[in-house]
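Shared between the two complexes below is chain A, which has chain B as its partner in the first and chain C in the second.
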Partner chain A sequence: MAFLPSITKELRPGPVKDWSPALAAILLLVLCLVQAAAAATTPAPSSARSTLARVIFSPDISEQATLLRGLIGSTDPGVEAVLTAWRGGSLFVHDNPDGSQTAFLLDPTTDGDGHAQGLSILDDQPIPGPDAKPLLFSPSELTPADTTAKLRKAIKNTLDFMALGNPDPRFRKDAVVKLGQERNLEYLPLFEARAREEKDPEVSRRLAEALALTRTASPDPAVRVPALRTLGELRSVTSLSFLQSFEKKLRDGPTPPNDESLLAVHKTVLDIETYQQRGNLIGTAFRGFSLAAVLLVAALGLAITFGLMGIINMAHGELMMVGAYTTYVVQNLVRSAFGPSGLPLETYFLVALASSFVVTAAVGLILEQGIIRFLYRRPLESMLATWGVSLLLQQVFRHVFGAANVQVGSPSWLSGSLVIQDVLFAYNRIFVIFFAALIVLGTWSLLTRTSVGLQIRAVMQNRAMASTLGVRTDRVNMLTFAYGSGLAGMAGACLSQIGNVGPGLGQNYIIDCFMIVVLGGIGNIFGTVTASLGVGVTDQILQPWLGAVMGKITVLATIILFLQWRPAGLFVTRSRSLEG
Partner chain B sequence: MFAAALVALAIPPLLNAITPEGHFLHVSAFTLSLYGKYLCYSVLALGINLLWGYTGLLSLGQCLFFALGGYALGMHLMLLIGKLGQYKAEIPDFMVFLEFPARFPTTGGLPPHWIPFRSFAFASAAVIWVPGLVALVFGWLAFRSRIKGVYFSILSQALTYAATLMFFRNDFTFGGNNGLTDFKVILGHDINTPATRRALYLASAGLLTLTYLFCRWLSRTKFGLVQRAIRDSENRVLFSGYATSHFKLFVFVVAAVIAGLGGALFVPQVGIINPSEMAPEKSLEAVVWCAVGGRASLVGPILGAIGVNALKSYATHAFAEQWPYLLGSLFVFVTLFMPKGLVGLPDQFRALQRKWRKGVSNP
Partner chain C sequence: MPHPFPSQIPVESYSTHPMKPTLFQKASLLIAALTAAVSLQAETVKVGVLHSLSGTMAISETSLKDVLLYSFDEVNKAGGVLVSGKHYLIEPVVVDPASNWPLFAEKAEELLVKDKVAVVFGCWTSVSRKSVLPVFERNNGLLFYPVQYEGEELSKNIFYTAEAVNQQAIPAVDYMLGEGKKKFYLLGSDYVYPRTTNKILKQYLKSKGIPDSDIIEIYTPFGHTDYQTIVAEIKTFTAGGSATVISTLNGDTNVPFFKEFANAGLTSENCPVVSFSISEDEFRGLPAKALVGHLGCWTYFMSIKTPENKAFVDSFMGWLKAPKVTGVDYNVSGVDPKGRVTCSPMNLSRIGVHLWKQAVEKAGTFDVDKVRDALVGQKFKGPTGVVTMQANHHLVNNVFIGETLATGQFKIIKTLNGVAGEPFSEKFLTTK
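== the complex of A and B ==
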């Protein structure tokens, strides 16, 4: 313990900048000699490692940069680790008793006092002390090897180049994009070498982009112009901002306006902009469709209970909330039974969908039997009673689960997004679109292809007549309401994958849902589908211009005005009854 | 009966004026304002009753008109604050921190449509015509295309929802989600003195009395008869040659104006008006006051508004957590078991009694 302070005193930061090159050369020579001597007893350091040591102790930044460049292509993973540590300020230098220096990293394993062995960068072996035992260093008393901003940049650059050889294509892609943005002509051979080996299509594309982008820096128009064209052909969205400023520079510069580069860059910018606009259009359309799907999923249950049965169920939103919380409970059950990851958690959502249907349908059944069936002839009152139910349900869930939102996790197959031509398609949104299509199809076939559906439609069109013909109208009502509620529950389960799950979940959707059902026309499922599509897509088109709130207000106002033109909604169910 | 009610209305301000503070009969200025608030709500309920109880139109957006009336007077009160505000500026505080002087440099930061509200007369007129106009436009659109029943309810709810979203926006120039608050003076009097509070209470009581008398008069005219006929069977009235949509539009506008007047007196007594006052759930709550008291009667809505709000004031202090349960159950219970509300209870009991007697006499 007592000798520690004396050792740490000997530790000095890395190279001092004002050393004359001669001194440095001598030092290097000494170092090499020491290393050669050491090589006799320990395994010989790889050439990359010794280059590394030379970089660290070289006093000259340009020499360091050149040496660093030489490290690219090294297959030794230790080199990357040392460079990362150096850049991050956790590389240290030890003055050997013979006057030489050893750069080292601290062993991550420490003893009880927080001291650790120093592992030489040359061979990863502990630095031996005077008694041949490994020396111990205290991290708090060490000063990291010196770096300058310029040097750190050079190291980063080297690391990026090393990442080009990383087995993970994502790292390679990021590195290529970053290096391409620098437009450094010296990188060209490296890119070319990499491009010959690259197998991953995405990285290959990025490499081509980086190559073209770098070539635009060439003073030779014969290189520059084709490169600009290539960027246009590649639809390189990432280089658009550079190209725009490049075009501006060329325009404002002394070059004559008919310069070929200017023409090329202008065309490229136009190409990419058109491409980007198309992408935005597709993106907006996709978001519109996905919003439409969300609304459709939420409104379909209402289209059943309100459209077919004429019941204004103000608690519809809360039934969605019940479904969302059911998902949450199922998730927690699965988690506590099978642990925090693995196949059960990947598939829990399908179970949760089914259980949210069952649970919510049961709640709907109770609601219908307990309250709504007494109010079939008083629709306005059924509205008030169900609003009361919605207050009750909200408060119950607030009591049980707390007022804050709960966390519902997504299985891995629902998180992330698909990228096609620079447009993002989120998996959960895609899922909702498919799910919406599925339940619409299911509901439609239930109503038109089964005897239950026939009965439902009969009761809807003429309750008294259906009753005289032997349809048990009260039972049909009960089941229809339960089915509509169950759909609301599944909608809630779906929404748990898209937005927050909290006691106020239902309130966010209820008015939109009602508007969609009214807009679509009562008792018509395809009206509901059309209305959700119209509202969803309009909302997404308006949003960039007007903002989310104004967009919504505009949509609401448009619906009110639209009903002037078609008071019964988009699709009218024809009926001879006067009061229908 | 009517005279007794008038006397009862006059008691709280009288007690506030003649008894010293701390006396066991003393009614504090705060309590007086609370009662004043109930009276304003009663006015709103009377308007709803005119629509729902007598015409069969359930509007779920009445609180929008209530809040519009409130905003109209609130704007005037806001401008009266002047340099008494925290920023010591000519314009209301929220305009200072929302950087309105940069947006409206020619008027010193005051949005142009605020300027006429410096005049009390203009603001009072706006209390009437703003809700009336909104109701006229919306009602004309709705009734023209024969939107009725639950569709009308849903559309009116969408209207108030859209308005709430609008008023929540800061750049809509009505104070965003904070609304208008921190009033200091009204008509040259400090708004917080007991004397002003008494005057405001009396004004509310007066408004309630007038509204009550108006509704009573209207229901006894031929117009009132048509109104109820529309409620019971609109098509028969239509086929008898009455333009039902005009009748409905008139009642809708009148109810909106009534609501606006109630809102205008509500604001100085409560001291704040913000967009949450026009949120869809507020309108639903107001409908329930009517349902609890008993619709299609004139006393019922007043009874319901005062009763439910007194209960709410008590419950949110005593057991805030349970209040939504109580309110929700009230909704369900009243619609299921008391279709005629408190006013209809005696009849219900009598019917029950008759049934029971019958059961006893011939078992």
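== the complex of A and C ==
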């Protein structure tokens, strides 16, 4: 506590406009409470809990904010848990028979039906029912306690201060960033104290950033200039917009052009902008790859059924839809069997992926056996027939599941993103990229490394010759089509993690799929991979400049021009199968 | 592409209209009149409903058809429309323009010329309204339009119960400015409503001192699923924490957008999104979790706590279970009572019906020119308070800003009373 007296000396108004006396009060309160805690080692947890209850039930936002501030020094870990739950919408309110209300959290352990006991926030004890036995609550029937953005912001601020001492470095990091943005000089001693203890390198970096950013608020150039330089060295993207406006303010003001602050801030802004441009480049590349992977996953099945087998399969999109709906059904089955959370729901997606392959392959099998095998020599009629099938499937699904979109949840490992050097890598996108690589590798191995693949290629190249050599061409056709359909089904399952699942899902992708296969060169899987990469990356490069609409138009126009020049696509495969 | 629901009520089935009865019908009417009590005899008036019941817009517009039939039932139960001492019961003529813009014009023509309806309630998208506008002007028909729109239009044959830009977009932006937001990311679907609204908003923001560099305007096509670049851009844009997204994204493109938004670690706390096209009804098809805390701005929310609103919601929910239009031979079909909500376009549809009824009673005739004159100044006490029809064919209405809850409802955080709808932006942009 040696730094305590020095803070009060530094309490003079600086050039910062958003000087916040409320936050100063918070800080003083923290320090007082820390001191109090040190002096009298027994902070009464029950009083913190009852304050908590008052915050929750108070109708007045300013009173809530005041009470929240009082909670900051609490050493009771339960307070933080309750606040976090409240902010995240998992704090519930029970109406007692006597008219009073009890706020509670759900016990994480559930019974067979997914019901759980409600633990009162006052004493962590279950809420008793009329028969004195603990009441059971069903999570799906509960309504969370209300919050508004303002209140959540106040809760977050309280939690940020609490989180500076959190054992998890991620929480400490978020808290430091948030508090640093306030540029409040009174936080400096707090940051310094934390920086001395901090072991985690990432949090230390953020602390240094927060310290530097806060010091830029100092009126003393001897403090400000080094702080500005530090921000540049730290490549602080979060402070860029502040620095830009700061530089503009200095330039517009009466500052001489060789002012030290101005020079420092100019260099810092340049440094960070260069760093950000590099990040944008990596980000664009990643987004390009990810779009390419989505296109590839969607088009690979078509590359088999249309590319290899020569069937103009207009129902390809609807096969994807079947896969997506299979995911939805599997999700619902898992949910009803194992409850709305937990390990089964985290892993259901892998089961759904496999199921969608199996189900869609079965649909493809029926389609091939029922319709397509009669039309192998009449490609135009097969186009009409499969188009009919696509409409039929759409109507059937609309009838069974309703015209509105259905909700497919994402497991937590497919939500959120990885951040490396301020570049975002969304987990679901990473998954699609890996998945695309996996199925391309799998399909390639199947076609070139197995005897089934040999037979497939033989039949596709010359059906009559293969047949005379003893290959059962009918069976090979059937299985190839089923495999291609199964791939479409898995694509649908993947897309359920990115976009909408509705009866019109297939319609959104079918054009792109044909475009990719035709561009890549019919009958060439490597061509399909190259084409999706080309289209995906080009689209993402163009988008920031031209916008989503013009970007797409430009890509389509380029493809048309390209096909004028090379009508057979990127890679031409010579095959007799297409000649009938 | 065929449509999921065939046109539910073939218009031809309305040949049994008492105004032009066949000889046989005359005879049966006479017999009916002799056998039954005379008081059961009531005149009817044909009223058109022009909402898509199939195609892409069906999800939104079917709810409006439902609420219109409910309102007709409400009027009929109370004795119908009273014109010079005679009670006229509303007889609905429902047609399905199937989300097909040229078909809207054809169906409108059919309603006005063949069925000779006294008034039409309908249209959702601006393009459908633009498509029927010449038909109504040519035939001197009367249309009530209930969905928030971009303004810059005023037809003597259309009454806009909908929110004009200064009753939705401007109050929302004002609220954000009040919250200390300094950077605005205008994101919309690529068609007339978002483009016009954003054009107005840009001018408005500039007049409030927001520099061009702090306003980004972006459009995506319908059915767009790849929001990576846009969300990455928003993430950079909001790094300092003072940015907000003003979204006019339509329909299900909101799902991939909000999924991507949440995945990038953006929340309503560091970058709130105000959506103009998401009401309680649209919410039914969106992932609730991803939208919690983001904002909406309408002249009605289902969560509004007034006795009038409670009565409206309760009686509408009851009606959905046994839908009928009292007093006329009309079979209501295609109503799904499961998981239903009320929303602003639905409330405004109903208000339109009541305003029209009052105006007809005041004018003492169904004649369009006289009803139009009587409509101006007409007041109705709706679920959110009293609304007044102005001479510019727009309402004076209360405006609410609400925050989305996980239940799909809105928590009202700001109320503006008596905002007068103004279709032309130059009027509210110049008046400071």
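Of note:
One rule holds in what follows: the second predicted complex is superposed on the first by the 386 of 580 C-alpha atoms of A that agree within 3 Å, B and C clash if a C-alpha of one lies under 4 Å from a C-alpha of the other, contacts with A are read in each partner's own complex, and residues count from 1 in each chain.
By definition in this document, contacts are C-beta pairs under 8 Å (C-beta built on N, C-alpha and C of every residue); 3 or more make two chains touch, one makes a residue touch a chain.
In this text the structure is predicted, and so the values were computed from the model without any measurement.
With both structures placed on the common chain, the touch criterion links A:P567 to chain B but leaves chain C unconnected. In the superposition on chain A, contact of A:K552 is made with both chain B and chain C. Applying the stated contact rule after C-alpha superposition, one finds that A:L350 touches neither chain B nor chain C. Number of chain A residues touched is higher for C, counting chain B against chain C.
Touch criterion not met for A:L281: it reaches neither chain B nor chain C. By the touch criterion defined above, A:E381 reaches chain B but does not reach chain C. Applying the stated contact rule after C-alpha superposition, one finds that A:I371 touches chain B and leaves chain C untouched.
In the superposed pair of complexes, A:L438 makes contact with neither chain B nor chain C. When the two complexes are overlaid on their common chain A, residue A:V518 makes contact with chain B while staying clear of chain C. After overlaying the two complexes on the shared chain, residue contacts for A:L391 are found with chain B and with chain C alike.
Overlaid on A, the two complexes show chain B and chain C touching the same residues of chain A, namely 391, 395, 399, 549, 552.
Considering their complex, residues 310, 312, 371, 374-375, 378-385, 387-392, 394-395, 399, 511, 514-515, 518, 549-550, 552-553, 556-557, 559-561, 563-564, 567, 578-579 of chain A touch chain B.
The part of chain A that touches chain C in the complex is made up of residues 89, 143-144, 146, 148-149, 152-153, 156, 181, 237-242, 276, 283-284, 287, 290-291, 294, 391, 395, 398-399, 403-405, 407, 409-410, 415-417, 419, 424, 426-429, 495, 498-500, 502, 504, 508, 539-540, 543-544, 547-549, 552. Listing the residues of chain B that touch chain A in their complex gives 52, 58, 138, 141, 144-147, 149-151, 153-155, 157-159, 161-162, 165-166, 168-169, 235, 280, 284, 287-288, 291, 321, 324-325, 327-332, 334-336, 339. Contact residues of chain C toward chain A in the complex are 1-2, 4, 56, 58-59, 190, 218-221, 223-226, 228-230, 232-233, 235-236, 239-242, 252, 255-256, 259-260, 262-265, 268-269, 272, 284-285, 287, 292-293, 403, 405-407, 411, 413.
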